[in-house]
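A quick write-up on the structure given underneath.
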């Protein structure tokens, strides 16, 4: 009953098979191998456009390196107050951009709103004493498991470009958002104004793999130097390429995401039906965020249910009382209904006593 | 006949098996898994001391992060002029240290000599206008396939500590040097004054794995933050831990290195016996560096022998003529005598015509 | 009628005389001159302790370099949401610290409260994914012209040290706060837990001069390198030393600050007496922050009254309506009652029409 | 008898008068004052072109900020092995560029030669593992008091632009070089391919003043942010503007430089005539570099002659024996023949005994 994160699960067997199969013969190193070349072609086909794609090792690297092409050291990056780049990466974006300033906005439901972004930017009245507005970063699906609609992304893209800024999408859970919206990858990205994407694979069944995808190809000009300098260029690159080949092959990535999303919808339903917690957020991806009594939360932990108290103030549209916990349950491509039912069983046994 | 680099080969089957075997059930993420804990214990046993070890993804990351604990942004790091950190990492050490200055010394045979280091340091007569001497970095085995004797390391360690500096060892080919010297890991490292080590595994049969090993544990104080910020903390850390478990298990790492070294010794012998090239360097690890006519070098490339023209001026104890090439052949755990013989066969067929 | 900033005024004549007088004969360069040595002695006497003091050129340099000794690149610095280091220095603290994260807290009246700081720090529950809490920075007098009482500083100092953090004071208007409190410099600084101070002189009558003062002398260990690398070491250092000599001589700095504070008190009184604006903040230093109708604010600008619309939301204890302006008037050592009366005269003529 | 550096002297009286005169009334801060605007116009007239000029405080700042517009963090900057940016600025260029790599070339006479630059650049054969060639920096006059001829600059400019690189000139002693060549400022800069210039004033009679001058105006696009973030934007900017106004007015700067150069020529002549030292370098600016017996050098120090043992190997066209010193004497706008004669008198008294 591990709902702690997507990454507590291992690798999808098909992807592992592909890694094993790639271990044959010699291959050129540093990303010049056949597997990586094919991965780049796959991504171009997937997004239905010419693009520049680079494989890297962690989501933090993908995000920070993306941002380093958009924001100068004296630049500002606007993001949500819960954004991974702001609160989970220990300053990696500052490292890779050379010191750009991340400005977090605490909009409800984990989703940046254009009006809030404009308010931040309009507050830059100090000329050279302010950082230079450079980029907006959105997370799709968001940190709270919600999903931007395509036209919401497009509105932010328009805002960014209208002010000479770039739009980055942190797609650590890109697949979960995509199957949720049911649209094409192109619609959710470059057609809506996204200039560069962190295309996450690890949380959704890969071993160690993210891609940086540039739709605005001018941003990619020196990216090979940037990746090398960031220690993200892998000598035995075939093992990244092979992961991507398998991940995209036959829609495996969509199947994995669809299953995880379905499990989250199921879990939200059965937990809510217990009447012992409330659900401030819709399930739009693979995460469930109940507000529950602290005593129940602690009981679940004691029973071996791995979950997580989400840091911060809550979802923004509900208030978490002092004796309550805003918890997070993440479903993965391997989560089963039985896992969900086992949690519910513990919840139902709880009689409200502390 | 691929002698281009150690990394053109794949992963040793036993290590791949361990990766596959680790893909079962859930595990705590971000290096809190059982495999990683065991890897840390293994390293401690291997080096016969208490130490702090952290798994990272690339050799560049291991080196740059090590150095970031030793050198402040206004510090100086002395290394060989051929050092990987100086000429192969596109400024990654500068990135991770925040701008420390690497000072390369062109000693012969790829090995830093104490006198040369002292000459550099004695030239720091400008007070605060100079960087602050902070670290010395040596590569074992060196970029030219030579190996520092234990007392040579100790002399540099003494010099470093006598001046309040730290000693880093880039051990991308640590195993090759170790089997060459036939000493214990402790003797070649902390007993000789090494404060931190980049313990390389990828070139010697792993997939994606290096360890940063701190013998001076004070240097490790904030390393978990440093690694995270450098985007080198892996969510599915079990797959790093499992590689290390297998790499060290039963001496696999030593067997791999011994085989590669033996092949290099064999290759040096049979190439030299052709009388068509000269060997300015002894084989002390898994690399062979002949000086050969350019015409022969180009013939070999055209015949499918993958090798590499080593950049720069030559080994320092011989002169490379304008119509000659200083070439590098790297042997790996998978290189065979047949591979070597196939090269020799091409060399012998060459009649000296251009 | 220029109330735009303290720095629109020139240099106090006595300080200018000292600069001119220093221009005689040769002096050792780079801060080894007699004037600078005397300045260091003066600061030590002034603060009644052994300390390390370094002269630099701008307040931004003083702040950022101070912070670079306290916070590692992966560190966090807690400050007020209005702090100069956060919103007026275009990322200089990020540059000089190598990427530390500044976290702004929007407490009322421009003053950080211990409870708010603790709330931020208690929210660091992500381990290595969070930055490491490193420093707290307070501004004395604050950006809103208010002043921390000595025991308020001490409470923050205790909090900082209790958590292994350092306390920085941005003293751009140190003298104004000091005469306001009527205490000794030592009481307002190291006795209350301040580890390092940006001792501002430029706003209070100097030409180009700030001092970085370390009470925690361990922080100063490599500061000469830091200052040089930051391009803040001046070759003709005598001209900085001479400014400081004169600034502190005979209490000139206190006289200047007292005058400016008195003018602010006077201005607040006469403006408030017009009945055409309200004063949400007490005058505790040399600044007046009225909330006035936007039409009146614009009238004043049109009449040549140089003032400034303070960015942001207001003082936190009052609400600024859409047709109002939260304005700032700064008084200097050269501001006169006639200047104040001239403003009042324009205000009184205004009949409320837009 | 102080020949230690140009900066041991004070400020030219006319410049000091201008500083005093600027201290009247209020002025807009942060470089928006009348004096600064006039300085910008003066520089444009001087160089006979449209340009962007920014006043800063130190030569290190001017150089490092210039380079930060030319070289990305993953870029390489080629300079002479004696260059101030390489060996006298404690890593400031690395700080302000975010980690670019400076590559020093030890050509004789302190002057970079195109062939040597090309050799460095041709050695970049490692693709993304190498830094990206970004800028060449030359010093005019050089660290060894020699001067590039206009066509020598043009040859380097052509080389730079032919490889997509920029050309920076460190003009800490720009005036000395200019009067030496007797050409127009435009000829020695943009007409010869210089893209940006550190225009030094401090060594030649100003108090605290350098200008960053962009002939390639695209480089200046975000420079106001860069300068602010580097803590080089001065609040009371009028005092920088006033220095420049006076410095350029009526050719004061050229008069100062001509005098200093003349004194150096005189000093070289009279020292050489003593027969007790040799002069490996021609005097082309305001510096004299004799090679003399160490005993004589120490005698001079003991007699109060302030001079300096130049670090490093010597001028490249002569050999400094173990019992000799390669010394530097710098003449300034205030150096007199009597100062020179006083040194000679001490030299003549020396009888060769140690």
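First chain written, first letter: the chains are A, B, C and D, and each begins at residue 1.
In this text, contacts are C-beta pairs under 8 Å (C-beta built on N, C-alpha and C of every residue); 3 or more make two chains touch, one makes a residue touch a chain.
As the structure is a computational prediction, the values presented were derived from the model and not from experiment.
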Chain whose average C-alpha position is farthest from chain A's own: D
Pair sharing more residue contacts (C-beta pairs) when B-C is set against C-D: C-D
Separation of chain C from chain D, taking each centre as the mean of its C-alpha atoms, in whole Å: 35
Inter-chain centre distance, chain A versus chain C - centres from mean C-alpha coordinates, in Å: 41
Separation of chain B from chain C, taking each centre as the mean of its C-alpha atoms, in whole Å: 51
Shared interface positions of chain C, touching two or more other chains: 30, 73-74, 89-91, 95, 98-99, 128-129, 131, 225, 228-229, 233
In the complex, chain D residues that touch chain B: 73-74, 87-91, 94-95, 98-101, 123, 125-126, 128-131, 311-312
Interfacial residue positions of chain A with respect to chain B in the complex: 2, 4-5, 7-11, 13, 16, 19-20, 22-29, 57-61, 64, 89-92, 95-96, 202-203, 207-208, 225, 228-236, 238-239, 306
For the chain C and chain B complex, residues of the former touching the latter: 30, 72-74, 98-99, 127-129, 131-132, 222, 224-229, 233
